[in-house]
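Heads up, there are several structures right after this.
Same chain, two partners: chain A is paired with chain B first, then with chain C.
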Partner chain A sequence: MTHTLSNRLQQPDVLETGSAGKSRRPRKKLSHARSQRRAGWLMLTPALIHTGLWIAIPVLATLVLSFTDYSVFQPPSWIGLTNYIEIWNDDVFRKATWNTVVYTFFTVPFSMAIAVVVAVFLNKKMRGRSAYRAAFFLPQVTATVAIAMVWLWMYNPQYGLFNGALAFFGIPGQAWLANPDWALSAVVLVGIWQGIGLKMLIYLAALQNIDENLYEAAAIDGASAVRQFFAITLPMLKPATFFVFVVSIIGAFQVFDLIYVLTNGGPANATTMMTYEVYRSAFQNFRMGMACAQSVVLFAFLLILTVVNRRLTGGDEV
Partner chain B sequence: MTTDIAAPSAPVRRGSRRRRLSPQRVLLHVVLVLSAITMVMPFVWMILTSVKTPAELAQFPPTFLPETWDWSNYPRALEAAPFLTYFRNSLIIATGHTLITVVFGAMAGYALARVQFRGRELVFLGFVAMLMIPTYTKIVPQFLIVKFMPLFGGNDILGQGGSGWLNTWWALLIPGGLSPFAIFLFRQFYLALPKELEEAARLDGANEFRIWARIYTPLIKPAIATVSLLTFQESWNNFLWPLLVTSRDDLRVIQVGLAVFQQEGNTQWAYLMAGTTLATVPMVLLFLFAQRYFIQGFTHAGIK
Partner chain C sequence: MRTTVRKGLGGVAVALALTLSACGGDAGGAGADAVDGEVAGEVTLLTPIFEGDTGKQVLEEELLPQFYEEYPDVEVTIDYTDYGSLNEKLTTSIASGLTPDVMMMGVGWIEGFADKGVLQDLGEVGIDLGELEGEVAQEVLNAGIWEDKLYAVPTMLDTRFGIARKDILAEAGFDGPPSNWEELREYAIALTERDGSGKVTRAGLDIMTLDPRQMFEVFLFSNGGDLFNDEGTEPTFNSPEGVEALEFIVQLVREDKVEDIGFSSTDADTYPVINGRAAMMVGHNDVWIKVQDAAPEVADELVPFMINGTQEAMFHGGTLVTVANQSQNKAAATALLEFLTGPEASLAANEQRGNVPARAELLDSDYVQDNPMVQFAMENLDKAHPEGGVPEWLEVRGEFGSAIEAAILGQKTPQQALDDLAADAKAAMSR
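Then we have the complex of A and B:
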């Protein structure tokens, strides 16, 4: 590398005439450094302005506004911790937090379990592999709103596919999304279905990195495929599992589109989520300060979960 | 995929053919086919519904295949709601976001990967930190910035009095235009390229912008395809932001249009499913034709 550098440095000298020769080299190097620095900052400027205006300032503003009472129509007034105290005592937000946790801890592990099995199946050379992969991945590339519309229709109590299929077996149908006992499960099912694809893909990539020799050695020792899965595949997938888990939790905690289309948080707040409460506070009740405080709570949950998970799975060794 | 099937040497081929016939293999395929059908079923059901007549949709239990394939639902759905306008708006916004991201994201990614200057690592860490901020922790102030954008939509210099960027293309195009994630991806791609090229070019007196545009960027074409596809998809599928900043019908994107159409009472399911198909098909096609880039992008984002 330095070799090329010095080679290159000498070339201009050959072309330049006498006096401009060797004495100019250090200065030229200096101006290179300066022009690089200037170019670097110049190239970063649009990104810095954009990120500053639309992410950095909003995050700080969220923190500050969470201590205010602000209705947009009047200037914000400082009320200290009042919003947080109200959140603590708010049954609806508690319900939303609980629902979010339930939604997350049902969708994430279930779709991870399915994803890892599917990934192991698809990691072999076989006919139709990319077609299978595409089928599992399709819900990931299509819009949640569009997907939710289809599920809304499939869950339809009068004409829906689910009740039709149940009727075929003589089982009476349900108003899945209108029944407080069923609504959250119905939403969770969609979440699991939608979440498999991305997790499968990350697992597939991680499987490529496992040394084939491990399996060969295990096979010689007479380990069954199931045994190999638990003794080799799963332990080797630990870093990927940590990553998938964190990413999925962050995603699942922010479920919104699904709720908006399927249930609007109902019936009787049975499916409302933290994100949905943020939306309601800010854009239906125009309580911007409250919405900010709620989103700070959401953020705190995500931070804690990420850190705890890192400790538990030893993710920091990765 | 074709390379997977066309195994190189004869013995391997014979071996794999024998394996394919084994009961285990058959079972594997049965399981995979069944689960793949389960995964695709909602999409199939969407298309089947979109071509059924209202009379058929009112039957219980529902028919699986349509008795008559009524494709006229599509033109009628377009009359029932301006889905074509929604579609066009989504297309404009997704394209706009992609262009902004590719130009400015690549530029920033290049600067972070290849240009030497003090503070670079700090800036990079800053972008990574911004990457971790969840949508909901910034959405309220983002909305307020749009609302109080000075000198737009009747606002004075202090952002008071009007509606700012609300109900404008600005609000749809600018805030979502560039994500730290794209910058991060671009940096990773530029970082993987050899250093000799830039040194040679720099000493030939080429300026940084030239090196970026002419030498390095042509080398990461697959990366550009990947980031473009991810950005386009993300933008096309986005719902919350356009929902918040637009209320005019002519500015609605297709995802919001669908939700509004569904909530306007008395849902006509065949039309709704026709609209949903319109909202879904571009992404499905894009994915099927560019699967390689999508997968590369998602895994790259995941593993690195």
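Then we have the complex of A and C:
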């Protein structure tokens, strides 16, 4: 008879019955639980080391350095809240914050809306479905710098695609990226286009989990495709929507490479973002302490947004 | 909860201790070691020039073999970058303690890095300032001097001045380029062309291909203004001369409409003056090599001219070579610096980029004699003004572009834009 560990746990050990007749089972459970915990920690250790080295320590270091004047060339000196006070009074950072909020406000919902519609269509059986899915996902796996270069050409006032198309209809073109009235919108458009792919993929996966019987029942009741979309698809996608929403907001708040290639924050700070100001503080102004403080402010924004979003949407409760 | 808070505070305390002890390696702590007699070992070179395949070929296949002939025991590891990324490279390398032995950087960069102790005083490693003064124009050499010590030797200059299309000017009845601001404005208005929809098809004066800061500096200097006072304690670009210069620029764009916003940009593929989309421009001396590539048939139609407000002036930047104060091999690093700033290497680097050699002896070289833009720049070096002048310049210059753009776009008056910029500069200088 083979005694497995679980068998031994379930059966009292005849030899270990105590002199007072007390059962030894709780101590065995304790040592098993302890060894399981130890095994768990052991398995977690590589990930913990990685998280500690590359995430926790840099985050804590950023927090600490945000209270210092640190130019890289000389040791940091403690200045308390001076960086944060300067941020509070900085018109450019305020503008960058506003631009970031506007960028997020438009790119996230628009790209989510387009992504869910595209996902619904690409969830149906059709010829070339795989090719269409790949085409929509392609921007997600293309380097942002390459995307920005192409859009730079498309936005060119002299020979760009957009002004060419407008000229075809007799509409005067714009200096899309040089005009402060249009520059942010131009950047938002690129952000929407680039963001569709990943969201579509997540929605596609979530759509597979929706019971087809719901649609059948709705069809029998006479619900149109549009009605089914709003009454069944969207509510059933709520958990995925919450995830996409949070991840998209975090991604939108961290937009940098698009701005770096397309506009460098211009014209006249019309498209500067919080991340771009962090970059400028660190690498153009050599003010690492200020850059850290700006990063902490950005982090705080994201934390608050995530918490508020979870409360408003009810998280993954259906 | 209490335990969690204690653990969190403990973590912050540990991070505080680690961070403050690890950060800010003393950039100047290495001191100036005496240069040993033997030149050997490994040195790293950080260069924002020699970009692309052509540049790499010039450096690695033409120049460095000559260096190795003289110093066979030295091995040079090259880190290529461009001026757009040089800041990041320098910051991260200094912060990580991996400062390159030899660093090439721009005019206006030396003061800040020298002040922070990043750069080696070249006088302490055998570079004779007196000797250089006979070989390099003083105006140019000054860019490498900070607090009376030499920290960098120039290898090339790049200049900004007026460039006109003789053929386009002649069509409009003008004999030659404008000789002062009034003529510049008159010519620019007369030479501007628009299509039926009102869109500019030919700019009378293209000022948008150039970086807005450098473009403003040309007009600032030509109006007798300067960036900072002689003591380097106060910004003076918002002086009446500076405001007048910016007002002139804004008037050209917003009232005279000699160029539309967005007509050109700093990343334009071709200078508009080359393909006839502009009659004149405030441009770079590298227009000569660009026109040879794009439209050699119009090369002879390009004529340089000085921008003249109250004085003739042009802007000059450039590339200088430095040795890191923390270099572990200063003998080899100094040898490499001397080689890169010597006549052969300097000429090759300048030819590759169409730039202006810093050495006066190269004025008679075939390269300079065959390049009218470079020749013009070398002959007018006494009217060239550099940017920089204070250790905080690298921080201040980053704000210039948006200030100039704000004025051109009408978001601020020139006075407001420059006053706000001066306030930012003062704040940086007082830190």
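Couple of notes before you dig in:
Here is the rule we use: the second predicted complex is superposed on the first by the 265 of 318 C-alpha atoms of A that agree within 3 Å, B and C clash if a C-alpha of one lies under 4 Å from a C-alpha of the other, contacts with A are read in each partner's own complex, and residues count from 1 in each chain.
Definition applied: a contact is a pair of C-beta atoms (placed from the backbone, for glycine too) under 8 Å apart; a residue touches a chain by one contact, two chains touch by 3 or more.
What you see is a predicted model; the values in this text were computed from it and never measured.
Contacts of A:F286 after superposition: chain C is touched, whereas chain B is not reached.
Residue contacts after overlaying the shared chain place A:A268 against chain C, while chain B stays out of touching range. Contacts of A:F162 after superposition on the shared chain: neither chain B nor chain C is touched.
By the document's definition of touching, both partners, chain B and chain C, reach A:A61. By the touch criterion defined above, A:A134 lies against chain B but remains apart from chain C after alignment on the C-alpha atoms of chain A. By the touch criterion defined above, A:F229 lies against neither chain B nor chain C after alignment on the C-alpha atoms of chain A.
In the superposed model, more residues of chain A are touched by B than by the other of chain B and chain C. Within the superposed three-chain model, A:F110 lies out of touch with both chain B and chain C [touch as defined at top]. Look at A:P172: by the touch rule set out above, it reaches chain C but stays clear of chain B. When the two complexes are overlaid on their common chain A, residue A:Y215 makes contact with neither chain B nor chain C.
In the superposition on chain A, chain A positions 56-57, 61, 65, 72, 152, 158, 282-283, 288 are in contact with chain B in one complex as well as with chain C in the other. For chain B in complex with chain A, the residues that touch the partner chain are 1, 4-5, 7, 16, 20, 25, 28-29, 31-32, 35-40, 42-43, 45-46, 49, 57-62, 104-105, 107-108, 110-112, 115-118, 120, 123, 126-127, 130, 133-145, 147, 174-175, 177-178, 180, 183, 195-196, 199-200, 202-204, 207-209, 212, 233, 236-237, 239-240, 244, 255-256, 258-259, 262, 269, 272-273, 276, 279-280, 283-284, 286-288, 291, 294-295, 298-299, 302-303.
Here chain A touches chain C in the complex through residues 56-57, 60-61, 63-65, 68-76, 92, 152, 157-158, 172-180, 264-269, 280, 282-288, going by the rule given at the top. Looking at the complex, you find that chain A touches chain B at residues 1, 4-5, 8-9, 11-12, 32-33, 35-37, 39-41, 43-44, 46-48, 50-51, 53-59, 61-62, 65, 72, 118, 121-122, 125-147, 149-154, 156, 158-161, 163-165, 167-168, 193, 196, 198, 201-202, 204-206, 240, 243-244, 247, 250, 253-254, 256-257, 260-261, 274-275, 278-279, 282-283, 288, 291-292, 295-296, 298-299, 302. For chain C in complex with chain A, the touching residues are 11-12, 14-16, 18-20, 23-24, 26-27, 87-88, 91, 94-95, 112-113, 116-118, 197-199, 260-263, 265, 267, 394-395, 398, 401-402, 405-406, 409, 411, 428, 431.
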